[in-house]
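By letter and in written order, the chains are A, B and C; residue numbering begins at 1 in each of them.
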């Protein structure tokens, strides 16, 4: 009987530990991503004369700022390089493809929907992202709503911060990518 | 031996209960959201003369209804107020930023992608939403595909119903927001 | 005592099996979708003369290919029929509503965001999809980011492959839909 009792106690501890592990994996915590990547996004807007360098272009019918002075309604399609440092000339580790639009009358404020396409020795696959880019905030969070390939079925949050702005022609965003569902 | 046996039975019940709780949290049920919010969305379309009040504007290249009489292809960028009651003049509890487009030749039918941005004493964070707004149906469901801040990693369904339409100039939607993943 | 011991062993096996079942349902595997559908998507682009047959139209302000020769910036709104075989004339089992855009200067490359709307005897509900359509790849994966109705809270991956292209006027995609979260 004593043997059974000890065995029983050990089993109890094993079961409890497993429960805690499972429960922990189910409850997601902002400070505990299962994967994290910090990347830089470079956008060079087409301005009629820079077709060789431009990586994005406004394709909406211009409202000519009748709704405020902050490009309300401007919709920009992009194929932007993603680098691991702030240097635009670094070899891109991914492309960001999709669009953003400006949507406020009283300040610069944007909305993004795009795909990060990785095709390097490190990662092969995509992350799909959408959300508000509330430019006036120092950092703002968008949702990673899905992934494929090495990021199969991923979900998470990407935190944007403005890293550089040069008029309307060029801007650089720091993208702090945090995945909370990894498979 | 009897002591061990009773202990054993109690443990068995504890384990079973925990299993049921975990299993229940994994299986989502439409009638059991973990959070629910009913909000109203107000859209005032720019019509050249109402730039002070307009909250949205058509930015697509007009097709002039060559594809039916229901605005096929019209793409509207918006920054719309969200209120807890039907009154447009109530203090907004959130903004809805993104766009919708009309996409049928034979009837009014729309598609939405937008972010609900909460910045109040009650909630701070965003919900990202996309889906079809099948206007002819009394209620239609769109997907909440992600969230940030107080809605960290949320997912769910938002049920639209048309609450008021005043020509093309103003419409109000009731948005019944149901989250099924809350962290 | 022996009776208790045997009872104990049986219980142990039951608990372990349940654990494995739960663990298995939590870890998603690309080769094990919980639901799979293969469907065909037909797109007939509006070309000024085909308004009766067209199912999609370019609504962006034309860049006239100043950014490469691959329609960079073209944004196409669609309401496209979905069939279970390759025949455009088959009775549609769903509609695909949303938009795609072209976003590369050096080759044809697209980005999609749309909803599959099922309204048949077999399925009633929607699947919401977004992602990159990297046309040069034989197959490419987009994310299923949410679902409603019969596809309540679904997530998954849809694999595109080009099935036919007839100039800019018509193309057909095979959509291999794999859901990994089913409720």
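Keep in mind that, in the parts below, contacts are C-beta pairs under 8 Å (C-beta built on N, C-alpha and C of every residue); 3 or more make two chains touch, one makes a residue touch a chain.
Just so it is clear, the structure is predicted and the values come from calculations on it, not from any experiment.
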| item | value |
| --- | --- |
| Graph class of chain-chain contacts, one of line, ring, star, complete, other | complete |
| Interface numbering overlap (same over half, different under half) for chain A and chain C | different |
| Centroid distance [mean C-alpha coordinates] between chain C and chain A, Å | 21 |
| Junction residues of chain A - those touching two or more other chains | 1, 4, 8, 15, 22, 26, 60-61, 75, 113, 130, 145-146 |
| Contacting residues of chain A [partner chain B, same complex] | 1, 4-5, 8, 12, 15, 19, 22-23, 26-30, 60-61, 63, 66-67, 72-75, 101-105, 109, 111, 113, 130-132, 134, 141-146, 155-157, 180 |
| Sites on chain A touched by chain C in the complex | 1, 4, 7-8, 11, 15, 18, 22, 25-26, 46, 48, 51, 54, 57-62, 75, 77-79, 97-99, 113-115, 117, 125-126, 128, 130, 145-149, 152-153, 183 |
